[in-house]
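A single structure is presented below for examination.
A, B, C, D, E and F are the chain letters, set down in written order, and residue numbers restart from 1 in every chain.
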Amino acid sequence: MKFYETNLLTITCEALAQKTVLDILSKHHVSGYTFYEVEGNGSKNLHGKGINTKNVKIEIVLNRDNLESIAEEITRTMFSDFAIILYVVDAKVIRSEKFA
Amino acid sequence: MGIIELIQSNLLTPVVLFFILGIVAARIKSDLKIPEAISEFLPIYLLAAIGLHGGMEMRTTGFANMLIPLLAAIALSLLMTLNHYQILRRLGKFNIFDSYALASTYGAVGAVTFSVGLSFLKNQGVTSEGFLTAILAVLEPISFVLAIFLTNMAVSKMVQKKRQTLQKDPQNDLSTYAELESGTSHNKSFYHVLRESITGKAIVILLGSIIIGYLVGKEGFLPIKLLFEDLFAGAIVIFLIEMGIIAGRRLDDIKNVGPFLVGFSIVIPTVNGIIGVAVSTFLGLSVGGAVMFGLLLASASFIAAPAVLRTAIPQAKPSLYITSALGITFPYNIIVMLPIMFTISSYLHNL
Amino acid sequence: MGIIELIQSNLLTPVVLFFILGIVAARIKSDLKIPEAISEFLPIYLLAAIGLHGGMEMRTTGFANMLIPLLAAIALSLLMTLNHYQILRRLGKFNIFDSYALASTYGAVGAVTFSVGLSFLKNQGVTSEGFLTAILAVLEPISFVLAIFLTNMAVSKMVQKKRQTLQKDPQNDLSTYAELESGTSHNKSFYHVLRESITGKAIVILLGSIIIGYLVGKEGFLPIKLLFEDLFAGAIVIFLIEMGIIAGRRLDDIKNVGPFLVGFSIVIPTVNGIIGVAVSTFLGLSVGGAVMFGLLLASASFIAAPAVLRTAIPQAKPSLYITSALGITFPYNIIVMLPIMFTISSYLHNL
Amino acid sequence: MGIIELIQSNLLTPVVLFFILGIVAARIKSDLKIPEAISEFLPIYLLAAIGLHGGMEMRTTGFANMLIPLLAAIALSLLMTLNHYQILRRLGKFNIFDSYALASTYGAVGAVTFSVGLSFLKNQGVTSEGFLTAILAVLEPISFVLAIFLTNMAVSKMVQKKRQTLQKDPQNDLSTYAELESGTSHNKSFYHVLRESITGKAIVILLGSIIIGYLVGKEGFLPIKLLFEDLFAGAIVIFLIEMGIIAGRRLDDIKNVGPFLVGFSIVIPTVNGIIGVAVSTFLGLSVGGAVMFGLLLASASFIAAPAVLRTAIPQAKPSLYITSALGITFPYNIIVMLPIMFTISSYLHNL
Amino acid sequence: MKFYETNLLTITCEALAQKTVLDILSKHHVSGYTFYEVEGNGSKNLHGKGINTKNVKIEIVLNRDNLESIAEEITRTMFSDFAIILYVVDAKVIRSEKFA
Amino acid sequence: MKFYETNLLTITCEALAQKTVLDILSKHHVSGYTFYEVEGNGSKNLHGKGINTKNVKIEIVLNRDNLESIAEEITRTMFSDFAIILYVVDAKVIRSEKFA
């Protein structure tokens, strides 16, 4: 079984910021992602489920170039205004062609 | 019944008491909560019920007498939004973003407040004009779109000014420049916001239900009357438990919003509401209709507003507009303003 | 009332209009949706209500006159499944997997369609035989099991043939061989599918409720009548908003399924439905009963089918069978076929 | 009606039959389930309905005759908890943790059981004193707090003893020592548990609704009567499907809990229930009131208990207390004990 | 604190494929796993919540041998028919004996 | 884009143990975390959704020291009494100062 090295970018943010994140992804032609509602606690205290206070976690398997440029854009345009964190983990996949 | 007795009797209705129970539960850090699926479904249900009812009424009464009140409501809502902005920016010293966000939150209308108003009128044995529901639907996006249009204009101007300063400056910092650009690009276009507002679930279900109510009429409504009319009061009670819980959690934030905004959150609905009652009485609406018209202007949006504003004006602090609208203005409206407006409306109609 | 007027008046019922509202919401990309917990609960509720009602009716009418219609329904459903397969494979040139999947989707029955049918009859002031609910329960798994049995047989044959070719071939490719094997092992056994179908939630709640309805009778039902009978029409409306949204999202896929399948999705329910009405009228069912019998045969399964077929025939493309069943046949059945079958049934019963 | 006929007729009510359907569904591994949001909402709804009803009753009847039954219930509940502990520890040879956890599970009360009891009485055409709901609310946390207080004392004593042994021992193992400490620190303080119990959602919604019911009275209740009274029986049915499913999944565990605990789960509710009926009849409660009083003592807690005990006495095995309370005692109470207690109560009241 | 190296296999697929994945796990005697519903976007477009269109994410902490054989079987038998992705991340655990 | 090395600790346990885990986090002054409900299977069989049988997954981005001490305390005080697993993955973040 041959595995190819790639990256898993995870963004956890207030749900009302989800659209902005997905817009950034599509601007960088990344169309594969997974997301789900979560609860959480952080510096901005905007945690918990319920109307307008939900968090969402977005996960994207993507190559180094896209990772760099997307992480850069999110940091620059979103970090100051939204409750948001971002981290990256090394991942291995089988069909590397599937992940832009 | 005097105002005080009316407030007292309104206080002792299940709707208000369960709202207070929700607040208490949040304050004592109870784990009481209405599951999300239920509290997401209830606004849809409430809007469908309101819409069906409004549509059926309009079938009997027609559109004729609706136009003037509608135009009046739009004009008042826009004027009030601009007025809120001046107050917040000049007197409150809020920044542009927070000022516009708050201005439109209070210029917009609250569908939940509207539902509670209908149930209040029912308790008083009074009806209201069906077309008010249609006004609710039209009014919803109006002040958002205005506020976002003005914010974008203001930001563009700011960017232009800074750009000129930067160009004069020999140390022309490119990164600052890029940031400014990105700042603007962020703020969604007028058209974009308009589109999102009118495809938003609240408008779609409300307008849809008005049309359906109009089409099916009272007879076609009969098989679903049990769900969409008779259960309405009970459903509001459930929803207000959750609203109380959310409001209760926000109470801590009240000290952070500052005394100016607390005052604003009480004075503005009072003034707007009374203006609304007076104008609509003058325009010939019924006692109950004038109360609902006043309530439209008095109410602030706390479900639709954050969803729209968070993408459209991300620089504005949601803790300001959610806390004041949900934590102060909403309870004030359903507990104090409804009885006040009802008394004023009754008085004006008896002149 | 002529067919056209009947279609028109059916179009103007809340059930149909809220379904259309759901479609519109999906088309304008509104974020309107019924929370998942609610839309997962509603089919359970609808089936329980249908079942209780059917069971109570059977307590009064007995099983005696049920046997012949049940056998007729089973025979017709099996024949139709085989017939669909031939049409799809021969004329439509679909592959074996898609052909069997589609054939059984249309051979199976739709419980949601059945619910709408009951509410349609209520609007017409007509009743139907209680035992039809029991037929619904029995019919559900039948054509799945047949289709999966036949698919497995077909795949086995295919594998055997290829194996012979491979053995003759000196370049005997072992990996291809392994793949074929795995291909078959994939396709679940006849017994497995049967087991899963009859322990599926739809059958369990439906059969269970029939039995409970039978045991408690009309008097025992009284305390829960409000929930399980009076609220039925309202609950369908809520569910149809969600069905409309899902159907609306599928509309884009219609151009991908091709004109043949679009035609199939309209012609087959029309033919099957009319056959159903005729046969059941001949067997002595009432006007309403014949409509429901026809609807059983006209309807395609779009909730149970994907769940069963996706594991049983994974090679079949779900976009084909979900889109055609939910996006075309379901609206066609509830908007057009119900009035048509009602007219035919009334006509036949008046001969 | 003799006991046997009463059990039979109780068996043939929708509530019991849908509970059994849930069990069957779980046993045949059906995927039938009530979505979580619904099954989390239903207990809140049931408690609100019970509370409102109780509060309204107390408005008419006053608190006067409530004090003695309340004190009797508290005293009995505490005595029974201690008694359960002795039986489990001495005869059942369970360890301290399991013994206290089980003792308080059976000393506590079950709100779901209480709801079913109310619906049982309604079927029998009998009412009960409104203040029993208040007793339900007060009784809920009592035996938990007692059990956890005693567990903490017992653990402290254990730790002290071992510490003395360790100190005498030259090979004084520090890590064991640390473990013991951490063992105690784990067990939450008396105050902590008390606080959590009374801010728990069950108590908050129940007490809150009692107060609201008291404040609004029968007239204020009218607009929400449909939801909070008329739909009660239907809602219990839905909830019992889910309870049946959970109980059904637990049935496998019954062989693991051992014959002693199975016996305990049947004998204890029988004895406690009969004592409850007798005492409350003696105290002057009505036929229905005595049944509900008996049911309070007979019932075990299976929704609140695990949530409290899992943090308070983590060393106790939840498979023991959940399985016996939900898998054995609950069905036994609603199917067998209710008719038994009703017969006894009727008999005693006719003496 | 001693950590043992192991692997975290993540499978994201249409919910109707969950049973097939779990069957493969149990065939390889892997009984520990965690799963939850997610939404997502990918090449097969079968995203979103709602009846018959949900996605599910399945996570399995497992040793190298099981990882290889399970990834291989999923790739071979499921990739062509289902909306599915799979990736692996290096993980560290304390009780290595818990994870087959 | 500069990434800083850090750790992602994941704890999956029965929901009734969540409070105990969060108490341990706050004892170690870690206030940032994300959690969500999951279903699962393991040695303790306490899987599945529904009243009192849910699982929860808690994720914490945190530095090495906190990781060690928190993992140690959870292992020592919780492993014997609860259905629980724990694993760690290397992660990279942009604003390292956000994660204690």
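As a convention for this text, contacts are C-beta pairs under 8 Å (C-beta built on N, C-alpha and C of every residue); 3 or more make two chains touch, one makes a residue touch a chain.
Everything numeric in this text was worked out from a predicted model, so none of it was measured.
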Of all chains present, which has the mean Cα position farthest from that of chain A? D
Longest centre-to-centre distance from chain F, chain (CA-based): C
Superposition rotation for chain E onto chain F, Cα-based, multiple of 5°: 120
Over half of the interface residue numbers used by both chain B and chain C, so same, or under half, so different? different
Where chain C and chain D are represented by their mean Cα positions, the distance between them in whole Å: 43
Roughly how far is chain A from chain F, going centre to centre by Cα mean, in whole Å? 20
Could you pull out the residues of chain B that touch at least 2 other chains? 33, 35-38, 40, 226
Got the chain A residues that touch at least 2 other chains? 36, 89-90
Touching chain combinations (by label order): A-B, A-E, A-F, B-C, B-D, C-D, C-E, D-F, E-F
As the complex stands, chain D meets chain F at residues 33, 36, 39-40, 179, 182, 186, 242, 245-246, 249, 302-303, 306-307, 310-311, 314-315, 318, 322
Would you mind writing out the residues of chain F in touch with chain D in their complex? 14, 16-17, 19-20, 46, 48-53, 76-78, 81-82
Residues of chain A touching chain F in the complex: 12, 36-43, 55, 57, 68, 71-72, 75, 79, 85-90
Would you mind writing out the residues of chain D in touch with chain C in their complex? 12-14, 17-18, 21, 24-25, 28-38, 119, 122-123, 226, 230-231, 233-235, 237-238
Where on chain D does chain B make contact in their complex? 35-38, 40-41, 44-45, 52, 199-201, 204-205, 208-209, 211-212, 215-216, 220-221, 223-224, 226-228
